[in-house]
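What follows is a group of structures, each given as structure tokens.
Next come two complexes built around chain A: one with chain B, the other with chain C.
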Partner chain A sequence: MLKPMLLGIFIFLNTLNIASAFDESLPILSGVGGEFTAVDADGNTIESTNFKGSVIILAFGYTNCADVCPFTLGYLKRLYAGLSSDEQKKTRIVFVTIDPKYDNPDHLKKFIGHYNKDFIGLSGSQEQIDYIVSLYHAEYNSLATLGVPTQNIRRVNPKLFADSQEAKDDKATLFSHTITLYLLDKQGNTRSLEYTGTPVEQFVGKIRALIHE
Partner chain B sequence: MNKSWLIKLLILSALVAVQVLPTLKAQPEIKLDKFWVVLAPAVARSTAGYGVIKNEGNQEDTLIGIQSNSATIMLHKTEIKSGMARMIHSPHMTIKSHSELVLEPMSFHLMLTDLDMTTLFEGAEIILQFKFEKSGDIDIAVPVREILY
Partner chain C sequence: MKSLFLMMLFCAGAVCAAPAQEVDRIEYASSLNSMVSVIMNWYGSLIQSNELISLSTEESKWHNYRSQYPKAITNIEIESTDLVKLNENNDYQFEIQTIIFNTNSNGVQQGQKFSERFVFNVPFLDTPTIKTVNREQLEIIISESNKNSNSTYFKARQFSYAWLAYLDGVTTIVDFINDNNWLEKAPYSLKIGSLEVTDSIASALLKRNQYLAKGGHLLRSIDVQKNTGLEDNLTLNLIIEWQGENASGKAVIAKIHQEIDIKILKNNSWEVISIKEEHLLPDLKPWQGLLC
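Up next is the complex of A and B:
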């Protein structure tokens, strides 16, 4: 009687152990990432440790980006839709702007919300953003040659501005930037570096593995 | 076949050649296929357009500009190097004979800035005017739609 019971307890504990096991196929990428402070979409200071307990997919970009960022956010939208509603609750998609001067929290919220209301846009001071970029060994550079007032670029009908300030603000500053998607576990460790070429099903599998650790 | 018939045949061949040869003169034949513009978030300052520029002719042609009343448009190329994406402006793009230029995400694309958002809404169509060195101006109506990737 005792023997089967002990065997049952052993099997049960072993199952628990498997369920909470560290997924060795996703080793911790030490030196990539870390704790940081930023500003959330409502203008509140937020610590990265606030995300502990959730699996994070972190991306860098900016809202004046025409090709890469909308494509990346479209990909993340599809990725997020591949998760069950319970898995979505345990996952956060975080988009960190590398253009905090233009992408203020409210602007970022409206931009990101176009793709999915659950996505989190993070802005902050230039120093805060540069620190996050350095933590993830990411890079960005402004493409100065394109930082010209757009009314100077040829157009069928020249754009008219209400006042000189509006014309001054009408800048098309572009950046080059890292396109890596960082997959973070519930403790905030970077576990995998992905990109928009990763098949969605494969990426979803990795997110699931981290949710169930 | 007697001599007069041979002469007639030669004259006929020459006439046919005079009629046909000019039509064989090297010239580009540009077709703009499957173009669309990404529906931008309301607060966006830029968006992208994709499609295919085909040259089915037997001479190359060069794209020298794209215009629209809905935006300022440039041909850009996204280049990925060491995990970094950067954009390169291609003001003059030659499309060789019997070839095509595919515009798609993370590659060549139309970069639309200076957006007139009153014309760029879901389901709308905007007119793009492609200007080619030899083929001249080609206007097409392009749909605006949500990114589907």
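Up next is the complex of A and C:
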């Protein structure tokens, strides 16, 4: 239900010709982003400065998201495929969970790996995640106070359970969250805000421009 | 003749157009901010008659002209403005439509509509001088103002535009805003992404300059709050747009929120107590606030 609505909104917004000269010159967006610490999909502490030297596309989401996250990751998969193998080596797709309580590194690894093994999933403490969210002026809100059984959540990559009791016990919170894709240059500066309505070729062009800076 | 045409909305503090080149942008923003500060002081001091025309070096020159305004002014509403750059000598023409409200000799509240044309000379990164000013009365309206455009309204804008001109590099304007030498005393908290510092204004601006080196500040909105419990204190919340280059020469845009706490001194001048600045998400895309 939500997905067709979102698609409708994206198509509508895409019809608005809002591209400005800023889009072409990719200015630094002052105060959007910064240095942070998180936990990678192998459980290792990682500093955002480790990504310096690569162009980054950073997204927020969570593994129990049944609507926009699979759609976004599908889009990022196509975006990544639009780059040459050399360009892929210079680009990192980073997915930051907004649900670190549920999305431990293992969950994230399985979820992200379904789309592309090169994609990087970041988790961490609630405090670390909230700090990253605040750095990017992103938002998320809990939609359900009661845990929703994850077996009821429609998934692109179905979750497997050992038995019916485990399936019953595995519960999650649903969230709404920012849909923005943040394009970061090799120094970690945010240079553009994109979303899944951005034509892939246009987004690839911006990534290439930053790779060659 | 090179000219700039601008429509300004004073109530929101909004300016619609801005030039693309860095030098033009600095000149545009600094000239605009310093001229608007003078205009705000000009009108504000008509309401609060004990204030001097602080930014004009030749204030006595306009004494006769200003004495011809209506008496007992309670409110001044600025309806529209046009700004045109007249020549390469940095002469600008500001046309301003106002409604000036006062109580007439019969005790009736009335508004008089005026059109005024100020011609300024604004040397680059220097304080402006009014060269000429002409007034034309258009009509009289028997009504009361329904806007709160009182002396505080103008004083807040006079200060804010002068402060932005100072940030743009018009250092000479410091004499008109630095009451009680607050520029040496007030703390400046700066939050730009993961950079968070609280320092003296001079030191904080030095750090800020790495991020926002060359460019211009355009005021997008201003909110004035009286602090409960502290009658002599005000808080100004400014939303500012900045475009320019960082210290490495890279293009930068910023949406800046400044919260400025001010103490009103006995002589009606303002001393800044503290400044907090945070860089927000610039308004670039209609969907950027969308949550799914």
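To be clear about the criterion, the second predicted complex is superposed on the first by the 163 of 213 C-alpha atoms of A that agree within 3 Å, B and C clash if a C-alpha of one lies under 4 Å from a C-alpha of the other, contacts with A are read in each partner's own complex, and residues count from 1 in each chain.
To be clear about the criterion, a residue touches a chain if its C-beta (ideal position, glycine included) is under 8 Å from a C-beta of that chain, and two chains touch if they have at least 3 such contacts.
Everything numeric here is computed off the predicted structure, so don't read it as measured data.
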Which partner chains sit in contact with A:111 here, chain B, chain C, both or neither? Use first/second/both/neither.
first
Give one of first, second, both or neither to describe whether A:178 is in contact with chain B, with chain C, with both, or with none.
both
Taking the superposition as given, does A:34 touch the first partner, chain B, the second, chain C, both, or neither?
second
Contact-wise, after the overlay, does A:139 reach chain B, chain C, both or neither (first, second, both, neither)?
both
Chain B versus chain C as contact partner of A:78, first or second or both or neither:
first
Kindly classify A:25 by the partners it touches after superposition: chain B alone (first), chain C alone (second), both, or neither?
second
In the overlay, answer first, second, both or neither for which of chain B and chain C A:68 touches.
both
Contact residues of chain A, present in both the chain B and the chain C interface
67-68, 139, 141, 176-180, 195
Residue numbers on chain B that touch chain A, as the complex places them
38, 40-48, 65, 67-69, 72, 74, 76, 78, 80, 83-87, 89, 105-106, 109, 111-114, 129, 147-149
Across the complex, what residues on chain A touch chain C?
2, 6, 9-10, 13, 16, 18, 20-22, 25-36, 67-68, 135-137, 139-141, 176-180, 189, 193, 195, 197
State the interface residues of chain A toward chain B in the complex, per the touch definition above.
63-68, 70-71, 73-75, 78, 107, 110-111, 113-115, 139, 141, 143, 145-146, 150-151, 153-157, 159, 170, 172, 174, 176-180, 195-196
Help me check something: in the complex, which residues belonging to chain C touch chain A?
20, 191-195, 211-212, 242-243, 246, 250-255, 278-282, 284-292
